[in-house]
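Pasting the structures here.
Two complexes are shown next, each including chain A; its partner changes from chain B in the first to chain C in the second.
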Partner chain A sequence: MERLKKILQGFETEYIEEYKSQWLKVKLKKSTDLIPVIEKLIEEGVKTCSTISPTDFIEENRIEVNYFLEDLTNKRNVWLKVDLPRELEECKIDSITSIMPSADWHELEAYSTFGVKFEGHPNLRYFLISADYYGKFPFRKDFDWETHEKNLIKNVNAISQEFFDEYRENETQIGHKESKTVLHWGPTHPASGPIRLKVYTNGEVIEKVEPDIGYVWRALEKLAEFKDFIGTIVAVERVCFMDNTNPMICYAQAVEEIAGKEITPFAKYMRVILGELGRSASHLVSLGGFFGTMGLHTLMMWCLDVREYYLDALEDYSGARIATASIEPGGVRYPMPDNWFKSLRKAIQKFETTREEIEEIFIKNPLMESRAKGNGVFTLNDVEKYYLAGPIARASGAKIDIRLDEPYAAYGDMDMDYVTCSNGDVRDRLLIIFKELEQSADLIKQAMAKIEEGIEKGEMNPKKDHLIRMPRRMPAGEAISRVEWARGEMLIHLVTMPKSTQPYRLKIKAPSFNHTMVLNKLLSQKTLSDIPLLYGSMHICQGDLDR
Partner chain B sequence: MLKVLDFFNYARSKSPWIVHFCSGCCSLEMLAAMGPRYDWERYGYVMTPTPRQADIIFITGLVSKKILPALLRTYAQMPEPRYVVAIGACAYDGGPYNESPSVIKNMTEILPADIFVAGCPPRPEAIIAGLEELKEKIRRGEPSASSQGGLWKQMKF
Partner chain C sequence: MGIGEILFYILIFPGLLFLLFWTFFVFYFSRKTLAYIHKRVGPHYNGKWGSLQTVYDIFKLLTKENITPKSADPYLFNIMPILTPIVASLPVILIPWSPLIHSGHGILDTNYGVLGLVVLIGVEPFLLFLTGFGSHNKYSFLGGMRVLAQMISMEIPFFLSSLSPAILFGTMNLYEIMYSNSWLTTLILLPGAVIYLIAMLGILEQPPFNIPEAEQEIVYGFYTEYAGTNYTLLKFAEFTEILVVSASAVVLFFGGYRGFLLDSFWWLFLKIVLIAIIIIAIRATNPRLRLDQMLKFCWSVLTPAAVLNLVWVLFARLYILGGI
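This part shows the complex of A and B:
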């Protein structure tokens, strides 16, 4: 940390602050300093860019670009800020993609939504947003939504026109020389979900893959600016319904930090239980979906059966199966129901009784192993280079887990360790999911024991301790919050204005974005039949890919 | 002749095939309806990957602007008679994304639905109940709502 500070002091900065235990918050005076600073940081080991988040301060006529840079091995991170003028012609900065490949798509996103031009980016183009927003930079504060919305048919026709142009280009540009062609995998493929992979093939061999995303782009980050702090939960939990509790924890933590409130120990343990329930429900779909993409639907059915019991537990608590809205700033939304632990124990018991069968029949399945072993390997170096997060990184042996690196909720008191595999191939990415399911069940048990102990000692009151009072109006502030989501690190960057009832800017960084970014590297020189297998092994959810 | 057509409708209503197309989060509850606890195959519903064999298309919750052409294209490829089931609040008026700029808010005006299942997301039981009602409509041989009108006819896709 001290060494990082020393390096940054060599440049002209407005301030260098320590933020939380692992972050250095730095504001650079000159945007031209960016590349030298980052080159120095890479030498020091800060090799990964988590995300890039511009904030539009329209009254001060500036756009502030936030870079979140992480050192994955030594767990020290840098939050870099640079001011840019708001005018479109001058709003530009040097691209860091060539020295930090993990920033690639994040720069494209910032360009498409805010119009920050990244000079020197290898392929700067509009991305994520649909064709009717090209050149309009919809996340800027002065963009007029209502006028834009008026002509729906024209907008949809503009989007269709883009597809037609693309088809025509494919016909004329590529022709039918050799056996080269472009195939579209998705958005109606049963295994793909709403994403389209443009697969350039030569015969059966894939030459390159260009993912086309934005099919479920709901502009959640902008939507949050229209809602109040409680209403934003609705937007945040809909990042992805597979695991919907952890995003709410992440958002709630950011609001609590700005308000300067600390939640009760009971609520912290409840967050652990709810978070692990969400993670288990998501992992069960991933596990079944993986075999589903290989053409074997039995495990899918088994996993869905177990998942129903986890959803029952969520329903007993919140009344909803997957859209629970169960966590809000200040704690958890509802007091604990009387017999809730009974349904939790039932879910865990159901998992434990099917666990052995799943392991014997599917996880050790020789047919699966012959297809998956040694296929699609990611090394530790790739993890740092492209910032693969969560289970994908841990399958390669990287010790990354926000629950341990930067403990939140009650994870600091839990007895847990990094779950890792060593090979980083498709099989390990499946195995790690299975191992984490066991870990989650264990964590739920531990948290239940702690709550029971607390109630017995009279330290916790399950009917009153669940929520503390939060102020209706927030002070001005800025916070980031990270949680370990089912698919990796989730980072929320929240900015508020003085006495505000609404978020001023909310940026959600979700792991599937990076995992889709590496598909080209993963699939090149593989055959067409590998696409569903390798794609399924990345556990991508389009909800958090597009937001 | 009338009797023969009636028999076709009767047969069609017994096992409607549904095209595998998901555009939003409600598809997770469709997945649950497929799963062992709710198991909609008991009622004869089968998912098919190609629209050319399908009778029903689902509007699974939200439809963003970018996926709308793909949805309409899939719909246009289905053989007649074809029915539309809209599930989730988003398919009606945008639901929780009502203020969002990139989501279609009047989906049922564009592609009129025969059955609308409310909820965010609707429970699997509700989805199956909605489909059962659609079966009645198919059996009676009523023309589908989308074949009679809708903004989709003015759009390019």
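This part shows the complex of A and C:
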């Protein structure tokens, strides 16, 4: 940390301050310093860019670009800020993609939504947003939503016209050079979900893959700016419905930090239980979906059967199975129901009785192993280079887990360790999911024991302790919060204005973005049969890919 | 053979009506069995235990619009679904179905029964390739190519293993093969039967060899563009092929309609259903292989094994059964 500080002191900065236990918050004075700073940081080991989040301060006429840079091995992170002028012509900065490949799509996203031009980016283009927003930069504060809404039908017609023109052109130009052709894998493909991969193939061999994303872009981050602090949890939880609870924990932590409040220990343990329930529900679908990519649906059915019990537990707590809205700033939303632990135990017991069957029949299946072993390997180097997060990174042996690196909720008190595999191939990415399910069940048991102990000692009151009072108006502030989501690190960057009732800027970084970014590297020179398998092994969810 | 008899064979048994019944039955049966393994209920509401569900489904498909895509070749696209089920149901005349029909022989009692079966089953994939070719869709075309690649490699072990009973008994007449079968010869033919069953999975495009219609990879292969009646006809052809190939397995290796106490069609049916259960159980527990893995398995494991099996059968004929 000191060495990082020393490096940064060599440049003109407005301030360098320590933030939380692992972050250095730095503001650069000159935007031209960016590249030299980052080159120095890379030498020091900060090799990964988590995300890039511009904030539009319209009254001060500046756009502040936040770079979140991480050192995954030594857990030292840098939060770098640079001011840019708001005018479109001057709003530009050097691209860091060439030295930090993990920043690639994040730069494109910042360009499409805020109009920050990244000079020297290998292929700067509009990305993610739908075609009627091209060149309008919808996340800027002066973007006129009302006029845009009025022209909605016209815009939709223009987009579909464009599609038909393109289609006609393709129809007339159809034909193949030798054995080369382009396949569109999605968005209506049986195994793709709302994403399109343009697959350039030569016979059965893939030459190149170009992901085309944005089919479920809902502008959740902008939507939050129209809602109050409680209403925002509804937007945040819809990042992806598979793991529903953890994004809310992430958001709630950011708000609590700005308000300067600390939640009760009871609420912290409740967050652990709810978070692990969400993770288990998501992992069970990932586990089943993995075999679904190879045309075997039995495990999916079995997993859904187990998942029902986990969802029952969520329903008993919040009344909803998928979109629970169960966590809000200040704690958890509801007091604990009387017999809730009973349904939790039932879920865990169901999982533990099915576990062995799943392991014997599916996890050790020789045909699966013949396809998955040694296929699609990611090395530790790739993890740092492209910032693969969560289970994908841990399958390659990287010790990355926000629950342990930067403990939140009550994870600091839990008895847990990094779950890792060593090979980093497709099979390990399946195995890690299975191992983490076991870990989740264990964590839920631990948290239940702690709560029971607390109630017995009289330290916790399950009917009153769940929520503390939050101020109605927030002070001005800025916070980042990270949680270990089912698919990896989720980072929320929240900015508020003085006495505000609404978020000023909310940035959600979700792992599927990076995991889709590496698809080209992963799939080149593989065969067509490998697309669903390798794609499925990345556990990509289009909800958090597009937001 | 009188005209009434011929009409009975064509329209009722073992012709159209029987094949339709079989299609309804195997569709329902596989759904129900698969659901049991999946821990689901399966068809439930229509008819006793949901037995009418597949009938409704098939008639629903028949009422649907028959779409011919603009880019497809309209003649090839629409003729293939008619031709395929006809060719698929041709081998039915060779198989001895029941002691009551034609005094226990197949309807066409020929000395080249095995050859006829093998050839008629072998023609089918080329028709499926043409369906894919006529659709003029990239996915269908890829599916068609995969069918060809799979068939060319799978048919060799299939042919060689179906030859083994013919060599053992010195005849290609299915009736004679069936009646020459005893417990001892069944044991001798067991390796051949296993190879036949594995190759059969490839011929029928069942998991783990359902590569040509891998929906996660190439949508539905040659089925992609088909809807309504055409799709139903292709499915009908597929189920008929399942019937024919598994009935051949039973006749060649497991004694056809012969059974304890009484020889009857129901023994044959029971044996076919057992084979269907094996197919479904494999389907429910094994993922799909890659095309290159299938080719490698086929050419470097299955084909040599089939050749070795012929050697074993010749050896058994000379030294176990004693003489030519």
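Simple rule for what comes next: the second predicted complex is superposed on the first by the 532 of 547 C-alpha atoms of A that agree within 3 Å, B and C clash if a C-alpha of one lies under 4 Å from a C-alpha of the other, contacts with A are read in each partner's own complex, and residues count from 1 in each chain.
The working rule: a residue touches a chain if its C-beta (ideal position, glycine included) is under 8 Å from a C-beta of that chain, and two chains touch if they have at least 3 such contacts.
This structure is a prediction, so every number in the text was calculated from the model and none was measured.
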Exercise. Look at A:M497 in the shared chain and tell me whether it touches chain B only, chain C only, both, or neither; answer first, second, both or neither.
Key: neither
Practice problem: Could you tell me if A:I531 is touching chain B, chain C, both of them or neither one (first, second, both, neither)? | Solution: second
Quiz prompt | Partner chain(s) touched by A:I361 [first = chain B, second = chain C, both, neither] | solution = second
Quiz item: Does chain B (first) or chain C (second) touch A:S370, or do both, or does neither?
Solution: second
Quiz item: Just chain B (first), just chain C (second), both, or neither: which does A:H189 touch?
Solution: both
Exercise. Return the chain, chain B or chain C, that is in touch with more residues of chain A.
Key: B
Quiz item: So, A:I35: does it touch chain B (first), chain C (second), both, or neither?
Solution: neither
Exercise. Based on the superposed arrangement, let me know which partner A:L296 touches: chain B (first), chain C (second), both, or neither?
Key: second
Quiz prompt | Touched partner set for A:R238, first chain B, second chain C, both or neither | solution = first
Exercise. Scan A:I7 for contacts with chain B and chain C and give back first, second, both or neither.
Key: neither
Quiz item: Which chain A residues come up in both lists, the one for chain B and the one for chain C?
Solution: 189-190, 301-302, 305
Quiz item: Across the complex, what residues on chain A touch chain C?
Solution: 171, 174, 181, 183, 189-191, 204, 291-298, 301-302, 305, 361-362, 365, 367-368, 370-371, 527-532
Quiz item: What residues on chain B touch chain A, complex-wise?
Solution: 19-25, 27-29, 31-32, 34-37, 47, 49, 51, 62, 64-70, 74, 96-97, 99-104, 106, 120-121, 123, 151, 154-157
Exercise. Name, in rising order, each residue of chain C that touches chain A in their complex.
Key: 37-40, 71, 138-139, 142, 207-208, 210-211, 214-220, 284-293
Self-check item: Of all residues in chain A, those that touch chain B in their complex
Solution: 129-133, 138, 145, 148-149, 152-153, 155-157, 159-161, 163-164, 187-190, 193-194, 214-220, 222-223, 226-227, 234-235, 238, 240-242, 285, 300-302, 304-305, 307-308, 311, 321-323, 543, 546
